Each structure stands twice: as C-alpha cells, then as structure tokens.
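Please go over the structures that come below.
In the two assemblies presented below, subunit A is common to both, partnered first by subunit B and then by subunit C.
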Partner chain A sequence: MVIMVTEPAISVRGLRVGYISDSGLTTVLRNVTIDIPSNKITGIAGESGSGKSTLASAIMKFINPPMLVESGSIIVDGKYDVLSMDNEQVNEIRGKLISFVPQAAQNSLNPIRKVKEIFFDVLKSRGMDYYSNINVIYRALEDVGFSDKQVLDMYPFQLSGGMRQRVVIAVSLILDPRIVIMDEPTTGLDVVVQHEILKLIKRLQKEKSLSLLIISHDIAMLFQISDYIAVMYGGQVLEYGSYETLLEDAYNPYTYLLLHSVPTITSRGKKLPRIPGDFEGFGRYPKGCVFSSRCPFATDTCREVPPEKVSYDQYGFYICSRYPEWKKEVKKIYE
Partner chain B sequence: MKKEYLIKRGIYYIIIWFVGISIDFILPRLIPGSVLGTIIYGRIGAAASAYGNNVQQEIEILVQQLGLSQYYHTPLYIQYFDFLKDIIQLNFGPSLLEFPVPVSQIIEEAAPWTFAIVIPAVVGAFFIGNILGRTAALSRGGIKDYLIVGGTMFLYTFPVFVTGEILIEFLAVDAHIFPLGSQYNTFKFIRPEFSLPFIWSVVYHAMLPVITLIAFSLAGWVMGMRNNMIPILQEDYMNYYRLMGVPEKQVSQKAYRLALLPNFTSFSIALGYSVLGAIAIELLFNYAGLGYFFNEAITALDYPLLNGIFFMLVTAMVLSNFVADIVYGMIDPRTSHEETEGV
Partner chain C sequence: MSKLIELIHVYKDFIVRTGLLRKEHRPGIWDVNMEIRENEIVGMVGGSGGGKTVIAWMIVGLLKPTKGSIMYYPMGLDVTKMSKKELRRYRADVNLVFQDPYSSLDPTHTVKWHIERPLKLYKYNGDIEERVVELLKEVSLSPPEEFLYKYPFQLSGGQRQRVYLARVLALNPKVLVADEPVSNVDASIRASLLELFKRLRDEKGISIMYITHDIATIGYVADRVYVVKQGRIVEEGDVERVITNPQNEYTKLLTKVVPNPYTRID
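The block that comes next holds the complex of A and B.
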C-alpha cells in the first residue's frame, strides 16, 4: 500500500498557551501537536473548557491579553509561521489564505451594517471595490444558497439564525481562502437548519477543495461530516485519527465513552455509559494522564506518569498507556 | 413603515407636549402667594394700613391694567381652555416685570442670546468629548486614558459658576484676554446691528461662557463615548472583522460609529435642556438670555413670563427628543425596523 504523504494545511507543534490571571499563568493548551490535513474536513471535539477554541484562536493568531503563547509553533500552508508574524503580515493572510467562520448563535455581524456593507467592509480592507466585485459576491451568495439578492439589503437582525450562518460563511469565503476554521457552525440552530448547513459545508468543501477545521462539542455532528477527528480534553489532544478509526476502534477510553454516551434509537431503554466526575480544572492539573481521575480503566500508573504519545500514521496518534488492555475491561465495567 | 414610525413617534410626542403644557398651566398657580398681592404691596408698601378697605378696589384696578379681567373672574377650567388657545397663538400676555412689554417679545429678544452660547457649547463639547472619549477607549488603562478621564472628571466636579468665576478672575480680570460679561460691547454698540465688528463682539463675548460650559460638560461625553466603545471593541462582530483581516484602525472606526449612537440621543436632549441649562452662566456673565429672565421671573413672580419660558422649555425638550428619535432611527436601523425574523 502506498501512503500518500501530503503537506498538512496546518501544522501545530508543541503549542502551550495560557491565560494570565491574578493568580498567575494558567496553562490551558499543554504541548498540543497536531497536523491538519489539506483538502479534508477535520473536526475538533471536546467539552467546554477543553481548549478547542483557544487552539482555534492561536491558529488565527487571534491572541489578545490575557491569552499568552508560552511556546510552540504553528505553520499554516507549509510556509507561514503565524506566531512569529506581526499583525500586518497576519492581516494579510487572514480571510485570504485562512479564514474563520464564527458561531451563528452569537452576533458575528455588525448590527448596524447591511449585509452588503459587511461585504463592502471586508473588501475595502483589501483595497478592493465592492461594485467591481459584485459578481463575486453574487456567486458567494449563490454558493451558500441565496438565490435572490435581496439579502444584501437586509440587516443582520432581519435574518434568521440559519440565514445569518450562511451569510457569515459567504463573507468568510469571499476572499477565496484555502483553509477555513469553523467555530460551532451548527450550535444554536434547529435540527433541520443544522442539517442544511452541514450539507452546505460538505458541498463547499468539495467544490472549493477547502481544508476545513470544524470545532464543536457536538461529537455526533462531527462524526457525520469529518474525515479526521481530534478529541480534546483538558487542553490536550487525547486522540486523533480518521473518523473510521475512531468510530470502530477508539484508542483512548475518553473517545469510546463519548461515542457511547450519545443516545441512539437502538439505545432506548438501555443504560448509557457515563463519564463520572468533572474535569479538575486547569488550576489543579493532574500529575499523570489528564483523564485519569475520571477514567474507569485508570490504574495508579495512569495517575502518576503522563502517558506517551503514540503515532500510528502520518496524522493519527493517541495518548493512553493502557491501550489495548482497557478494551478488554469494557464489558466488565459496563455490563 | 418608516412613515408609520414617524407618525407613531409624532403622536407620542404631541401627547407628551400637551401634558407638559398642562403642567405649565397648573404649576405657577400652585405657587403659594399672590402676584397681585406682591405688586400691590410693592406699590403701596408701608402705607397699606391707610388703604384699608381699598385693597379690593386696588386689585380690581390692577386686574384691569394688566388686562387680566377675563382670567380673574372665570373658573379654572375656562382659564385652562383660554390658556391653550392663547398658547397656540403664542400669546402669553404682558410681562408683569416689564409691564406692558409682551412676554413673547422678551423671549424673542432673549432666546437668540441663549442659543448663541448654548449651541456652540453643546456642539463643541460633543465633538471634543467624543474624540477624547475615543482616544481614552483606545488606550484603555494607559496614560492617555487616565489623563483624559481624570482631567474631565476634575472639571466636572466644579459647578459651572465656580469654573466661570475662576476663568473670569484669571482670564478677564487679571489677564484682560476676555471681557467680563454681557452679550456684546455695550459701550460701542447701543443696540444689536448687522455688521462685522458687531458679530465679532458677540463671538468675543460668548467665548468665556462657552469655554466654561464646555469644560463642565466634557466629562459626560467622554465617559459616554469611552464606556460605550470599550465593550463594543470586544464584541464578536468586531472580532469577526479582525479575523477577516480588517486592520485595527478600520475596526476601531466602526466601533466608534456604533458607540456614537447613544451619544447622539444625548446630544439632541442636551440641546433641549440647555435652554435653561445656562441659568448660572447667564447670571454670572450678566448675559441676558432665557436663563437670565427665567431667574428674574421666579424672583418677581412674573407668571406670564414664567409660563412663556416654561413653554419654550417644554417645546424645546419635546422637539429635541423627537429629533433624537428621528436621527437615531436614521443612523441606527435597529430602532426603525421593528419587524424582525426570529431564529
């Protein structure tokens, strides 16, 4: 079998990011190393406070106090070392090479600007004219499923949640970026609209061969759409790999538990496995494996010694010192 | 839809205006004491006892003289309707203080002087304050922020008459840079005329009152702008611009525009208020505007003049609020577009 080695779209190496507070520096991302493949959809799953949004901000170099990058590097598109670039250089690639789609539920569009004025603002910042690029804008709107141009004359508050999300996608793609980060693209939308947005994302990714990075807490949604999935917990990537691998043969118990805690039609009446306890928080970070205190398979070694990272192909890796032993204990614990 | 909004607001303000005018009618009549009694007492003074029973007769004569007979002998509700009728014709009757000059003439002469200091002061403070507020917001926590906020708050803690007094002492009395008071050089010009030297004289005399008013009111605009702008700078939609590579300078311009909206409302209202906001200043600078006459009218219980000035105030307030609404509707689409589609 020939393994195609492709240049990753985003390459994160040993990233440590923290937040400065009165009590000192709280490190959130701990030594995150991950490659995001080109022309694929990669999902980052994790509960709130797992560091997934911090990771996205770091990739966009959207680093504002109290956020602080302690160490590490991020290479975008093989040549842009974003963390060492100054603001002007970063502004140059933002939107053009690497773009960002914020959450729909939040107010991502300037409330006193019409949709066309928001396009206008973004184009103007590049010295581009709105009217000479009007066809590009029409195309962008068609791409996200607006057949009539009326939406251009509307204000964000006149749009529904799904429309707003599509407008944001259109604006984010207007400068024809190759890499797009989406933050919770379906959160706050109802199921039907969620489905439409996912279909749209999938179609756009294929048509424009985008490298997509989708951040969500909704692991079921991520498995629907992603080619690769990273599972984050407590500021670390516990497991990363193609979705088939994770779905069929999770290496880390956390992935397994997450997937099996999603209710399905067949699970009705059955007791779902649950993950006991809460994450300790970044202040009282565990000495050993970050998940050890909640992991039903954890041993004393897990709690004392941090597990090694095990890579099994160009992208895939996992962190767990008890694989594959814990797999045998699954039945024992849950049945 | 835009028209409907205007009509809706218009009706609302007409009702407010009507209520204000009604209070204008009731309020002076609730003040204890009688204006006629005061005038009579002033006329006959210590000789009152000699008049004895003739007081009633004196009152009748006075009522005749003041042209108040139709008011004096009619019940309150008829007076009210007459009052409304007169007000629509802008007829407030003669001033008691400067009898028989009609109130409308006093107001006509005084109002331009008030506007001559108040409008430049409000406009000036609005512009300077907003720009300072923006500078403070953009350097939040920095030295500029502390200097601007601290400085304007320091000026704000002094009442206008103290600031005015200090400015008069140093700039007018000691340094002779500015005149002491009055609206124009009364030695040079006997009455207002339309000539360049006269206009210059007016501007020159208005400077110190305007500076005093600006110094006092700056803090409001600065704090308004600064405190509006700081959270807006961190809003998601501003971050979205940044994430799309829009340079910080353009982002802060958009934040400034958004933060300006609430200040626009305050601006129109400030204009309305300032008809009377300058009482202390007008007294201090011996500046014969509306505030000056308002003070005179209260002291002398000159009801018609009070009514007239109060009418000006109510009208100015209602109008300025209406204008604020219209302007806000034009610059902030969220207020005039009422139909929204939910998520």
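The block that comes next holds the complex of A and C.
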C-alpha cells in the first residue's frame, strides 16, 4: 500500500473539552490529537461515555453550556479554525463544507411536516429556493435510492426506519458538503436494513469522494466499512490507524480485547476474552493509563505513569507503554 | 430432554382501525409451534417487526394468543387458561428479562429494594438480606455490599442488567425469556453477560429463551434456534447446523448481513 501524504480533512490538536456540573468542571476529552484523512471513511469506535459524541459536537462547534472547550484547536479542510470562529462564520461552512447527521436523526424528523418541507427548510436557511432547485433534490433522492418522487409528499410516519434514514442522508448531502460526520447512523435499524444503509454510505462516499467520519459503538460494523479507525476510551484516543493494522496487529490491548470479545458467526465454541470491570467514570480519573484499571496486562507503572503517544505514520498512533510485551501474554485473557 | 414449555399452533391477530368505524383483523403471529426444553439456551432470531417480542409476551402471559395453546408442563396447565392464582405461581417460574436496562429498574429505589421485592411478594422465609447478597454474588456483582445501597443511575448498563437478573433469579425460576438482553449493553460487557447466561444454564439448570436480531450472538450462546420472519417460523434446528448450513433464504440473508469485522462492505 502506498501511503500518500495528503492534507487531512479535519485536524484536531490537543483538544480538552469538559462539562460544568455542580461539582465543578469534569474534563471529558483529554488532549485529543487526531487527523482525519480526506476521501476516506474514518470510524470512531468507543463505548458509552468514551467521549466520541463530544468530539463530534466539538468539531461541528455545537458547543453550548454546560459543555466547555478548555484548550486545543480544530482545523477543518486545512483553513477553517472552527473553535476561534464565531457562530455566524461557522454557520457559513455548516452543511456546505461539513455536515452532521446526529444520533437518531431519523426519529427526529418533524412528524407534521412532509419530506419536501424538510428540504424546503434546509434550502431556505441558505437563502435558496426550493422550486428552482428541485432538480438538485431529485438527484439527492436518487442518490440515496428513491427512484420515484412520491416520497416528497409523504410524512415521516409513513416511512420505514430505513427510508427515514435515507431521507436524513439525502438532506445532509443536499448542499454538497465534502466532509460528513455521522453519529451512530445505523442504530435502531433492522439488521437487514442496516446492511443496506452501510452499502449506501460506502457507495456515496466513493461516488462523491466524501471524507466521512462515522461514530459508533458497534465495532464490528465500523470494521466493515471504515478505512481508518480510532478507538476511544475514557476521553482519549487509545489507538488510531488503518483498519487492517487494527484488525490484524493492534498496538493497544483495548483494541484487541474489544475486537475479539465481539461474537461473530464463526465464534461458536470459541472462548471470548472478557474485559473485567467497568469504566470508573470521569470523576475518578486514573493517574496513569486510562485503561489500566481494566487492562489484564497492566503493571504498576501503567497505573502510575501516563503512557507516551507513539506515532508510526502520518495518521497512525497508539498509546500503550506495554507494547509489544503484552502480545506475548495474550493467552492470559482467555483463561 | 423433556419439554418445559410448548407453543402449539399459536396465532395472534391484531386489530387495526382502517376507518372511523371499520376494524380489520390482521394476522400477527401465524401458526407458531415452539418448545423450550429443560436445561438449554434456545435462540429466537429475526428482524424488527417479525413478532419476536409478541411471542415472548405470550409465553410469559402478558398477551393472550387469538388461537392455540401454550403448555407449561411442570404445572401441567395451559398458560392461556390459567387463573390469576395460577398465573402468579407461573410467573415465579417463568420470567422476562427486558432489553433496556435503563428503564427496567425504578430510578427512585436502591438495588437492595429491587431484589428484596420479589422475595417479599412471594413470602420468602429465610434471611432476606443474606439472600440478596447471595444473589448479587451469583450475577458477579462483587463485592455485593458495595452495590446494596446504590441507585440505578450510579450503575452502568451492564451492571443494571445484572441487577435485574439478580431480581429475576430471586425466585429460582425454571425459565428465563430474555428479550434482546445484550443489545443495549457495551461491547466489552456483552461477552461476560453471555457467559453468565451459559453459567446459569450449566450450574443452575435454568432454561433460557434468548431473543435477538443478532444471529452472531445466537451462534455463540444458544443450543437450538428458531428463525422468525413476519410472524412465522421459517427455520428451526440445531444452531450449529442452522448457522453453517442455512436452508431458508431469510436465514441465509441474516447470516450474510450480520456485522462481522472480518468481512468488508465495498
């Protein structure tokens, strides 16, 4: 594989984001530094409370109290420093350059407005007219697999979950953005429909050369479509790299454990590794490595000293002070 | 292996309003024959809207079938014809585990209260406190003392599901009907919950009906499986056989679309 050095679509540097609560500021994202490549699908994998949606909100600058950015910068498309722009300026690029599909968007469509009125609103907010742009809408609908235009005259409740998701994707692409962030695009969908939506996402990404950022807890699904994958835990990116690297030769034990603890159709009779314990929450943040309290390979050093970040190519990096030693002890987790 | 529960030609219609005064009967469940045997994990898999939950609710007696009978052999009775008193006894034996661990516990009460309640309702005559601790240990919430006075919001999804399981296990049930018990739980916790189901089968001899849309977890945990599509059983049999050599088109589709990190979508 030839690695070409290209300008990243999104470049996050030293991002610290917290939430203000009664007990003070709780920092969620800790020093997140990551480059999202252009024209690729990047998956952000993480369990609940790992900070993946917070990262997406920060990139879109959907920052409202109690959310607070402590430090760091986010550069979108090489020139827009999102965090130092004011809201009006960010609104200029939202939808046009970078578009966001929030979690469960398909269930948030206004039930008393027809699909065409949704398009109408989106276009109007950009000062565009619905009727003179009707061909754009038709094309967008075709792109997501609606062959007839009847859907425009339907209400959301008349559509199935998969159709609603297609409408949402069409709306997010209507202004021809180059970067799209999707937060859990397939949750709540039937497995068969989910597969179709994933195929659709992959096809659209290729046809339109989109830079796609997909956030999900479903690690199996992410590995099926992503080119790059970031694994988040406790507000940090523990590992980031191409899916092949993570799949075959993960640097961080959490990636390995997460991937191998997912039952697959062929895992019958095999023993799956278990990740002991639970994430302790942001209130009692560990001194050393964030995963040390649950990591079966952790040593005293892991618990006391935060590991260094090691970069190995333009995008890929990992944090783990026990690599490669933990690989020799991998048998331990199956006992 | 002897049968515990058997569904015999079960039908369920739903009434749909088609006009102001007109109503229409639409078939929901169509001629379902199913059995839960002793000491097994039996899977039920299918897409959304296929009727999996309706079947589960009929088994535990929350819904009455339109036609057909559901036999519960340890009591020798038909669930659909049970009296209130018999149903009460039946529900100590056959319990439902819900999908969403966030809404199956009462947010205003402690873990201890939740587990005590079935014991009190069914007049347990040992030391209740001791039993609660024992149950928490059984579902691997250790140390139990640390969890007794916690509220649901202080627990993670996996822990809540374990608390709910402890509550269900309080009455020494014979059958658990688990409706998507791991779908809302994080991946790292999922494997250990499935492991717990296997342990309940092997150590306590509890039969579990495991309902899910994810055929991969069925392959991991279940012994037999029923594939349900649009209210009908389209395939049934030994899990090994159904997964490696599916006969029905729908089963083939399910095994193809199930998320698998090792197969790419291009």
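Quick notes
As a convention for this text, the second predicted complex is superposed on the first by the 326 of 335 C-alpha atoms of A that agree within 3 Å, B and C clash if a C-alpha of one lies under 4 Å from a C-alpha of the other, contacts with A are read in each partner's own complex, and residues count from 1 in each chain.
To be clear about the criterion, a contact is a pair of C-beta atoms (placed from the backbone, for glycine too) under 8 Å apart; a residue touches a chain by one contact, two chains touch by 3 or more.
The shown structure was predicted, so the numbers you read here are calculated from the model rather than taken from an experiment.
Within the superposed three-chain model, A:112 lies in touch with subunit B and out of touch with subunit C [touch as defined at top]. In the superposition on chain A, contact of A:132 is made with neither subunit B nor subunit C. When the shared chain is aligned, subunit B comes close enough to touch A:95, but subunit C does not. When the two structures are aligned on the shared chain, A:278 is found in touch with subunit C, with no touch to subunit B.
Looking at the shared chain after the overlay, A:150 reaches neither subunit B nor subunit C.
Contacts of subunit A with subunit B, set against its contacts with subunit C after fitting on chain A, overlap at residues 161, 189. Residue ranges on subunit B touching subunit A, taken from their complex, read 235-248, 250, 254, 257-258, 261, 331-334, 337, 339-343. Contact residues of subunit C toward subunit A in the complex are 47-49, 156-159, 186-192, 194-195, 213-217, 219-221, 239-240, 243, 253-266. Looking at the complex, you find that subunit A touches subunit C at residues 47-48, 161, 189-195, 198-199, 202, 217-225, 247, 257-259, 261-268, 272-276, 278-279, 294. Subunit A makes touch with subunit B in their complex at residues 60, 62, 87-88, 90-96, 99-100, 102-103, 106-114, 121-122, 124-126, 155, 157-162, 168, 171-172, 175, 188-189.
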